[in-house]
Every structure is written in structure tokens, then in C-alpha cells.
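Each structure below appears as C-alpha cells.
Shared between the two complexes below is subunit A, which pairs with subunit B and subunit C, respectively.
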Partner chain A sequence: MSVAPTSDLSIAPHVRRRKSSSDSFRGGSPLIYGIALVVVAVTLGPVIYGVLGGFRTNAQLAATPAGLPSPWVLDNYLGVLANPAFWQYTWNSVAVAMITTAAVVVFGTMAAYPLARYEFKGREALYMVFVLGLLFPAAVAIVPLFILITQNFGLGNTWLGVALPQAAFALPTTVIILRPFLMAIPKELEEAALLDGASRIGFFWRILLPLSGPGMVTVGVLAFVGSWNAYLLPLLLLQGENKTLPLGVADFSSEHSSDTAGVFAFTTLAMIPALIFFLAMQKRIVNGLQGAVKG
Partner chain B sequence: MAEHPVGQGTIALQQCHSRHASVSNDTRHDGSSGTYLPVEGCFIMATVTFDHATRIYPGTERPAVDALNLHIEDGEFLVLVGPSGCGKSTSLRMLAGLEDVNGGHIFIGERDVTDVQPKDRDIAMVFQNYALYPHMSVADNMGFALKIAGTPKAEIRQRVEEAAKILDLTEYLDRKPKALSGGQRQRVAMGRAIVRQPQVFLMDEPLSNLDAKLRVQTRTQIASLQRRLGVTTVYVTHDQTEALTMGDRIAVLNAGILQQVGTPREMYDKPANVFVAGFIGSPAMNIGTFTVTNGSVQVGAATLPIDRTIASNLDSNRVTLGFRPESLDVVDASTAGAFHVEVNLVEELGSDAYVYGSLKDDVATDLHAGSTDQLIVRINPRHVPEKGEIISVAIKPGQQHVFSATSGERLS
Partner chain C sequence: MADGARARRARNASPATSSRHAAGSAFALPAAPVRGGRRGAGPIRRKGPDRRKALEIAVFVTPALVLFFLFVVWPILTAIQLSMYKWKGFGPLTNFVGIDNYTAVLSNPYFIEAVGHNFIVVIMSVVIQLPLGLGIALLLNRKMWGQGLLRTIIFVPYVLAEVIAGVVWAQLLLPKYGMVDALLKSVGLTPPEQGFLGDPSIAMGTVIAVLTWKYLGLAVILFLAGLQGVPDELYEAAQLDGASWWQVQRNITIPLLGPTLRTWAFLSMIGALQLFDMVWILTGGGPANATTTMATFLISQGTKASNFGIAGAASVILFVIALVMAVFYQVFILRRDVQPDNDRKNRKKVKR
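Moving on, here comes the complex of A and B:
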């Protein structure tokens, strides 16, 4: 008799856990599905409309604004792809995004490291400065920034001129994401490295940096996508052949305002690289946000 | 190394390093592995001395470690033991250089290392959670210190492989720590320390993350490995069984103050105060405080005489009396000096059996063992009393410990 209850106890939690997890997958009220559908429709609807619109002619669009392509037309997309200006815009976007990402990852990690792992007076205050940066919209600083970049640094109309301020504005998010990530790396690792003869900088390069890969990917992707979609700063700083894709889209749509289908195609193609990049990295972003190494 | 004050340890150190240098320069391929084998290799022997070492954490009044004086001999295995928060880990970390020393000095050999950087102390530490570098293979983990020190790759490989052989890790050298079991990780942590061939090993509860069975196994392995390597070792644990089984000597700390240092036998047979008496030994010693009347104390039904010289020198009329569970004999109720215990519970361990009971005919004294509120008696496992039964026990002659009721110091 005394055996029965114990075996019961040991099995019970298993059964219960399994049941509850499968419940949560199977279940879910219709209401939740309803809300989810609305959200998906609102976010994806315009995108799908744009993608499909690119496959139609302007005549089709005028006749039935909400219809499906019939017949499907590839001319709009081919036209955009054959346009050398599109490739120039893309190249500029890629370059600016890469420089921004590199700067964000390098400087963000370097800034987050002492904020996470050094004990010094005013550390929290310094961290607050970064947090406050979140509340500081780029639009507010745009005029002084313009003067600073073009006149003081002479970086007007250059990739670097856009990438540097963009990286600076991405730093708060980066530091806020990376700091807890770096803090979670066990203190013993640092002590072991110190005893093994590494300096604090040595620990940073040899232990911390390799371990913060996931976190750096996260902030890198966020910075890349942010830079890819940026409009205001490039608009003020870049002219002519240095323009990035969002500016190109705007230019194109004002130039060919009557060619709605062409604008749809251009816009669709402009967002594809960032979309692919984001989707490819999505899993690692989640990993990065979940925290650092275990053990 | 040249800036060290001259002392025997330092000279040995220099010789050792120069030998290493010459060997590594000209013998890359002749397989002179023996030179690096820790067993016969050039471990530099070193003593460790705490001289009034004190650590006060910022923002606290009471020192975490209060004027610790401790001398650890060359090649000795010293265990620092005490309840949690007693300052044992802090002491170890002070020796490692991971904690500041707020007062006093710490010496390794003749050298004052009080303000020396951890990496310059020539020590290796095994952490409780092992602190293996997760992104490095086992081999890289073990060779990390050598790599930083700029040791040639071939030599690192050689030394790592030898340590791996000792620890039975050879087949895991290319794995990441993640892919190892708890016991293997623990051995890697040991290996990382061995490879460095340091003057002193520091171990901070290295077994507490292992399961009970593995802990007992690894306990003996570490102890025998240490005897083989002959490296001075300071080992921190909260487990007094670990302390008794592993240490050449044991140092018991409580509330930042060193209580007693001695061999396991001394600690067990002659605890210096009530705290050590209660802490060392499992199950714990039965301890109670009694009033002395006419040179004897009343324990239950028994009147036990207190040694005349002790009784006459008491600073109060009370003494604390302690006796271990195995110092009690089950006797006839009529025997002189026998008191009666009601059995509440019997714990059978096969080789032994312990009775947990309460003192009958109690004159409102608080006599209990450790954190239990009961009296513990070891009995013959072949003749186990029933629950509720009353047994008569007497303390074996000369096996009682008498402590001052006021200071807790040992009197007998």
C-alpha cells in the first residue's frame, strides 16, 4: 500500500504537464483567432496589395482597384529591375546599412561591456543617459546634425555621413539589449579568465565577444533593418546618385505618379532585401533576446 | 619573475621557469613528455600564510573575515569548512586575489601577495560551477592559461594531453563543455588547474554541483590526486564529511572568525569550542547546558561528576556538556550514570543505527544534537528498539566534552 501513493506522485506531474501543454496547442478561443486574423489582415493587407498591384497594368488598376491581376503582367517588375537607378539606390542602401550595422555592433558592445561588468561610480547614471537616448527623436536634432555633418565634418552626401548618426541613434537600443545579455555571463567566467592570466580587455576579446554572438546578431539585424528603412536622415544628407532606396521610392513615385503599378513594383522590390535578411535572422534574434550562455 | 623578493620559493620558481624555457626551445619532437608530467614535473612547493587577513565588504560593519591567521604547509591539503556565510569562500577568494584584503597580509611562500594581481600569484582555482569557457573545446579550456602566457602550441598540447590522461578525459578533448556530464565538467575544471602547474590549488566547493554518489567518488579521486601531485591545496566546503575525509588539516570558520585548525582526528576528538563540537561529526554531537551542583551535573536520571579541577575553576555555575552519539552505551537501567531515552525514531543505515529520542526525567534542560531537537544515540543495528520504547544509556568513560557555558571554550 505504501508504494502506490509514491508512484502516483511521481507520475502525476508528468501527465499533468503533458496534458496542459497539448491543451494550449489544441485550444485557444475563436475570439483569439478572430483578433489575430484582423491584425494579420491589417499588417499584411497593404503589402499583399502592393505586391499584387505590381503584377497588374494601370488600366487594370483603374478598372477594378481591388481585383486580382488578370492577366499577370511582369513588365512593371522587369522595368524596375532594368532601371540602373534602382540598382544604384540599392547599392547605396546596402553600403549605408552595412556601415551602420558594423558601427552599432562594435561601438554598442564596447559601450555595453563596462556598463554591464565594471563597477564604477555613476555607472547607472551613465546607463540612464543611454536610456534617455531612446526618448530623443532624430527629428529634433536634425538641423544641428545637418550642420555638424555637412559643415564641420564635411561628410555631407556621403555614406559615412548618414551611417554615423544612424549608428549613434541606434546605440541606446543596442546598449539596452546588450547590457543584460553581457551581465548574464557568469562572473566566475571572468574570474577564471583573470586567474588564467587574461586582462579585462583580454577577457572581452577572448571570452565575452565570442559568447555574445547571439546578442550582437540581434542588435546588428535591428540596426540593419532600421538603417534600410530610414528616410529622414538620408533625405537631408544625400543627394543625386548617393540616395538610398526609400528616397528612390519617393523619387520614383513623384516622377511616375501616374504609373501606379510601376510604383507598386518599385516599392515591393525595395523592401525585399530587408525582408529576406530579417526572416533569415529571425530565429537568432529571438535567441539573442532570450539571454546569454548557460553554464 | 625577477622582481620578487628573494626567498626559497622564488629561487625554485626561477629555476623551474628557466628549465621550462630551455626544454621548450629545443625539444619539440623528441617526446620528452616526462618533463611536463605534473607528477614528476616542476611543481614549485609553496606554503600559504594568512597574517591577520581581514575583509570588510563595503557597506557592512562586521568583517566577513576577521583577522584570519592560518599557516598552510607546503603540499598540504587544507580544508576550510563552516556554515554558509562564515567567510570561508571569502578567505579563499582573498588568497586568489579576487577579493581585496582590507587588513593584514597574505603570503604564498615568502612572497607577500596581498596586493598582487590574481594572474601573477601563480595559483589555479576550481570554481563551484566550474566556470568553463562555453565556446571553447575541452582542450582549449585546459590550455587557455598557457595560451595567454604565450606557451608554444606543441607544449600546450602535450601538457593538456597529459592532464587529460590523468583525469581520464582524453576522448573528450575536442568536445565543448555543453556536451559533457557534470562529473566530466568537474574533471575538466580540475584539468584546467593541473595543466597550469601552479604553486597552489584553490577549490571552491568543487563537488557541490554533483549528485551524492558521484560526489563521494570524486572526493577520493581529488584527495588522491592531490597527494600524488603534492601541490599545496586550499579547499572550501560546507560539508564537514568532505572536510574530514579529504583534508590533511581542517580549519573551521564561523562568522568570519577562525574557530580551530587541526587534523580531522583532533577536530573530532578535541573540539576547541561548542561550535566546532556541534559542527564536526555526523550525526551531530549531543550538546546541552547544565547546572553544576556539588561538582556534578544532573542529566536526566543520572548524576554525572565533573572533573574536579574544571568544576572548581568555573566562572558560573553552569557548564556545557557534549557527547557524541557513539559515545553512548546501551546499559541496564540500574547502572550508575545511566539516563533514560524515549525512542522517537530509529534511523537504520545498515552498518549503524541511530536512535532519535528525548531525554526522560528531564529537569528542563535543552539537550539536543545539531539542528534536531532530539538526542541521538548510536546503537547496535542488530538490536534495534521499538518506537516508544525507553532505553537506558551511559556515556563511555572519558568520552564527554566539557565546555564553558559562558564562552563556549573547551574546558576538559
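Moving on, here comes the complex of A and C:
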């Protein structure tokens, strides 16, 4: 990876041919591929080990912890799939995440609209309220939240009791991401709509909402991921049959601590569907995070 | 108010084109450009649309604000209130103790240790992930085979729930039967007797290693995204000038990546101060309180021991620490971004 003239030597020939000569810095060399491979192995290793571990028996795992399944056993996975608690946890996770996402997208978009496109006194102050919300770590509010939700709001051990605070804590990011997005929609569209006799509400419904689809998907995905992975708030608020998957995984792993293969199977089934969905949405997540970063 | 005045001025200036002017100068104005213009200007007449606008704003913003106040602001105020009472979780708040809870928390060696652990995580996250993440991002920021797949793979640990990652790692790190021990033995090393999470002297290091695994991908992805903002022309120009790969990174890429790095570090810091899930799953704060954090401290105090006053005081202290660090960071580090960034944009424009 050295000086320009010599670096040409280190660049794989087939890569070089495909590219214009100007960016010869940017080809891959064997060293780069080697490093990439190490990164991939370290990153995926534990995940793949968990998946494979689910196909082994506890005896196999104890005899050769670092071995491959031989023979492959399906019992662990079948056992989890036949476990009604697993499906209950999954259903709860889906429900809580859907409520959180709906609340964030609907209320977040509504709040971002006037902040982006109305001019009024106190607009920036109102925006600052949401920005400051970013500075409140959720951990600070967690114990009083637990008390308020169980004692004052009567929402203890309900989906809503978890979803609404999660939505509230996701609102600052949502507003911060959506506002510039809504601001970027050209003024001419709004002027045209108003000249044609649409009200601002009509403009919001018929023009702004359809155009802000991508932004709403981004904030929705971020809220969904956050809710799906959340642990602390559900841990305090949900019991028994209302538990979500992270709680279920943690419970299962401590209750069946001797059944390592079962724990691997349970964990794998809990993570794989979400993992596929989240990776498919990767671009949205990264865009959202960048949007939040840039403000 | 100001907009109204501006619009009126525009209307008075040239009545014929008034509506277009007003709409152009303040696009988000009420119906003033069209309706107000037709009716003729006048502060009294404008009240209708103004009130309507205010009503619209209220309708749009209220649900979010209500949610925000109920579930963010109120709990934090409650934390402050609780912190001044001795309260076991039921009955009225009567036993006012002033700042006793704060002195109790601040003189509690376990809490002080927990704060120390949080700071270790804050510092080690940046010290480890910044060079590693930057190195990986710089190396991967080139067209190469499997680039998209690679980026997706790097993102995997980040989108996993901390709990799930924690459970898998806890299994991997089991003493004797875990994969890590097996691998170490196979290359002739002796793993620690009580396991990586059971030995107080290395438990914290182990937690940090797992956190690095979990969050390095986020750093790499954000850095890579930042790198895409560096214009190709700069690389070309530097290359024509005979700069080496390292010189280009050192003098062009890393400085231009500055804002991304600083904001990432900020996010990482706020996250590290709130660390809970991973610790709770991996060690529960043990062994011998070697891995407690402020969050695990206040959860044990609040929900296990029902010392809500102590938990409230610990929450407020956590909040103050986070706030002070955020403000310092804002003032001393992020502020830099404002000035140089503008310079840079101008420079870029000149280049083109």
C-alpha cells in the first residue's frame, strides 16, 4: 500500500482492468482481501457458531466445543418451534414493535410537518425541545417510568405500556431526520397546490405524505429495530405471557443453562428472521443513522 | 409575527404581484398570499387565517408533545422528585430526606466503581474502535469484489439485539466447554481458570471485547458512508501530485472525515454511559461487582431492593454526568465542525 507508481504492482490485475486508470488507489490487493476475510470471520464467527451449535447435541458440544455438527441433529430446532412460549414471545415482539413504529411514524411526521414548512414564532424553540430530548438517556428515566406506567397510567404488563415510552424516546431522532427531509420538498409544489386551492392540510395529505415515503420508511425501520431489540424497559414492565423475544431468550438461556444446544437453537431462531429483515433494510438504517448524525 | 409583517410589506410594495412575492419570500405563510391578498390587507382581517394556522400547528404537534412529556419529561422530573425522598415503592411520598440520597449514592463505593466502569467503557470504546474502525474503513473504501456483501456482513453484529449477542457470547465464553477456551487450548494457551467472565480481573476487559465486536461494525459503516462524501477529484489530484496511499489518507481523507469521526465518538460516548443490556446478560454486574455500571446500579437499587430514592438520585447523577459530558463535547469538539466545514465547502466549490 505504498507510493502511487509502485502501488500499481500490488493491485490485482483483473480489478485494474475494470477500472479507469485514474483511481489506481482503489483496487483490492491480496492483503486487503486477507484483512477483509479476517474481519468477516471474526464478525460472523460467533453467529455461525450459534447456528451450527443448534444442530449439535450437548454431548457433541461438550466433547469438541469447536467442532462441526456430526451427525446433524434437528431436534433442538424442532423443539423450539414446537414450544408455544417461543411463538408467544415472537407475537409480543411483533405487536410491540408495530405499535411503536406506528406511533413514531404518525406522530413524528405530524410534528415534523409544521416544524419544516410553517413559519411561526417559537418554531426553533419547539424544534430544540425535540433536539434536547436526544440528551436524555433512556436509562435516566427508566425507574420512574416503571413507577409511572405501573402505578399512575395502569399500563403495567401491557404492549402499550412498553410501546408508547419507546415511541416517545424515538421521537427526537425521528423529528431530526424527517424535518430536513420535508424541508427539501420544493416550495414550488406547495405554491402550486395552494394556488390550485388546496389547503395546507390538503397539501400535507395529497402531496407531502406520498413524497415523504422514503423518509418515513427510514424512521419506521429505525424505530422497529430499536423496539425489536429493546431489553431494559420490557424487562421491568412485562411479565409472563407478555414477554418479548429478548426477554424470552434471556429467560431460556438461564433456565436451560445446561442445555447449551437448546439455547443456541432458541437464540438462532430468535435472531435469524429479524436479521434478514434488518439487513434487507440496511440502506435505510444507515441513511437514518447518518441523517441523525448530521442533524 | 415577523412573517406577517414581511408579507404585508411585500403586498404594499407591489399590489399586482403581491401574492407571488409573499409566497416566494415565506413559502410556509398562512393562506395570506392568496386569500389575504384578495380580501385586502389589515391586521384584523388576518386574524382568521392566523388562528387557523395556529390551530393546525397545535393539532399537528400536540400528539408528539404529549407523548414526549408523558414518557420522557415527566419521568425525569419524577426521578428528581424521588431522589429527595426515602420511598419503598408504595404509599405517599412523605419521608423527605433532602440531599441524603445523593450523599448516600456518592459515598457508596459500589456506585463510584460503577461510574469508573462507565468511564473505562467510554474511553476504551473510542481508543479501540476508532483506530480499528478507521483502519478497516480506509482499507475497504475501494472497489473490490464482494464489497456490498462485506458491508452487509460487517453490519450484522450491530443489528443483533444486545441480549442475543450477549447470550451467544456467554455460551462461547463458558469456562472449559466454551469455544473460546477450546480454541485457546488448541493453540497451547491456558484460558483463565474461572472463565473470562468469572475472573474479576479480566471480566471488564471481556465485556469491552464483546462490546467492540458488537459496535465496531457501526463505526465502520458510518466511516465508510463518510468516506463516500470525499470527492474523487481530491484523490486524483493527490495522485497526480505523487502522493502515496498513506499520505492521501493522512492528509486528505482523515481530516475530511473529521465531522463523522467526532459525531460517531459522541454517539459512542452517550451509548457507553447508558450501558446495561450486555452487562446484565454477560455478568449481571459481577463477579464481585467488577462490571457494574451506573445503569445496573440503579436498576438493582430500584427494582430489586426497592430503594427508589437511591435509584432516583443515581438517575439524576447519571443524567448530570451525561449532560456535562455532552455539553463539554459540544463546546470543545463538535464546535470545531462549524467553521472548518464552511471553509471546506467553499474550497470544494472552487475546485469544481
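Just so it is clear, the second predicted complex is superposed on the first by the 238 of 295 C-alpha atoms of A that agree within 3 Å, B and C clash if a C-alpha of one lies under 4 Å from a C-alpha of the other, contacts with A are read in each partner's own complex, and residues count from 1 in each chain.
We adopt the following convention: a contact is a pair of C-beta atoms (placed from the backbone, for glycine too) under 8 Å apart; a residue touches a chain by one contact, two chains touch by 3 or more.
Please read all numbers here as calculations on a predicted model, not as lab measurements.
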Which of subunit B and subunit C A:233 touches, first, second, both or neither: neither
Which superposed partner A:198 touches (first subunit B, second subunit C, both, neither): first
Touching partner for A:121 - first (subunit B), second (subunit C), both, neither: second
First, second, both or neither for A:207, with subunit B first and subunit C second: first
More subunit A residues in contact [subunit B versus subunit C]: C
Partner chain in contact with A:97 - subunit B first, subunit C second, else both or neither: neither
First (subunit B), second (subunit C), both or neither touched by A:164: second
Which of subunit B and subunit C A:223 touches, first, second, both or neither: neither
Doubly contacted residues of subunit A, that is, touched by subunit B and again by subunit C: 191, 194-195, 199, 293-294
In the complex with subunit C, residue positions of subunit A that touch it: 1-4, 7, 15, 18-19, 22-28, 32-33, 35-36, 39-40, 42-44, 46-47, 49-50, 53, 61-62, 64-66, 103, 106-108, 110-111, 113-115, 117-121, 126, 129-130, 133, 135-148, 153, 164-165, 167-169, 171, 175, 187, 190-191, 194-195, 199-201, 225, 228-229, 231-232, 235-236, 245-247, 249-250, 253, 260, 263-264, 267, 270-271, 274-275, 278-279, 282, 285-286, 289-290, 293-294
Subunit A-facing residues of subunit C, complex: 1-3, 23-24, 26-31, 33-34, 53-54, 56-57, 60-61, 63-65, 67-68, 70-72, 74-76, 78-79, 82, 89, 136, 139-146, 150-157, 159-165, 167-172, 174, 177-179, 181-183, 186, 213, 217-218, 221-222, 225, 232, 235-236, 239, 242-246, 248, 260, 263-264, 267, 270, 273-274, 276-277, 280-281, 294-295, 298-299, 302-303, 308, 311-312, 315-316, 318-319, 322-323, 326
Subunit B contact footprint on subunit A (complex, rising order): 186, 188-189, 191-199, 202, 206-207, 210-211, 293-295
Residues on subunit B engaged by subunit A in the complex (per definition of touch): 96-98, 118-119, 123-125, 127-135, 144-145, 148-149, 177-178, 185, 192, 196
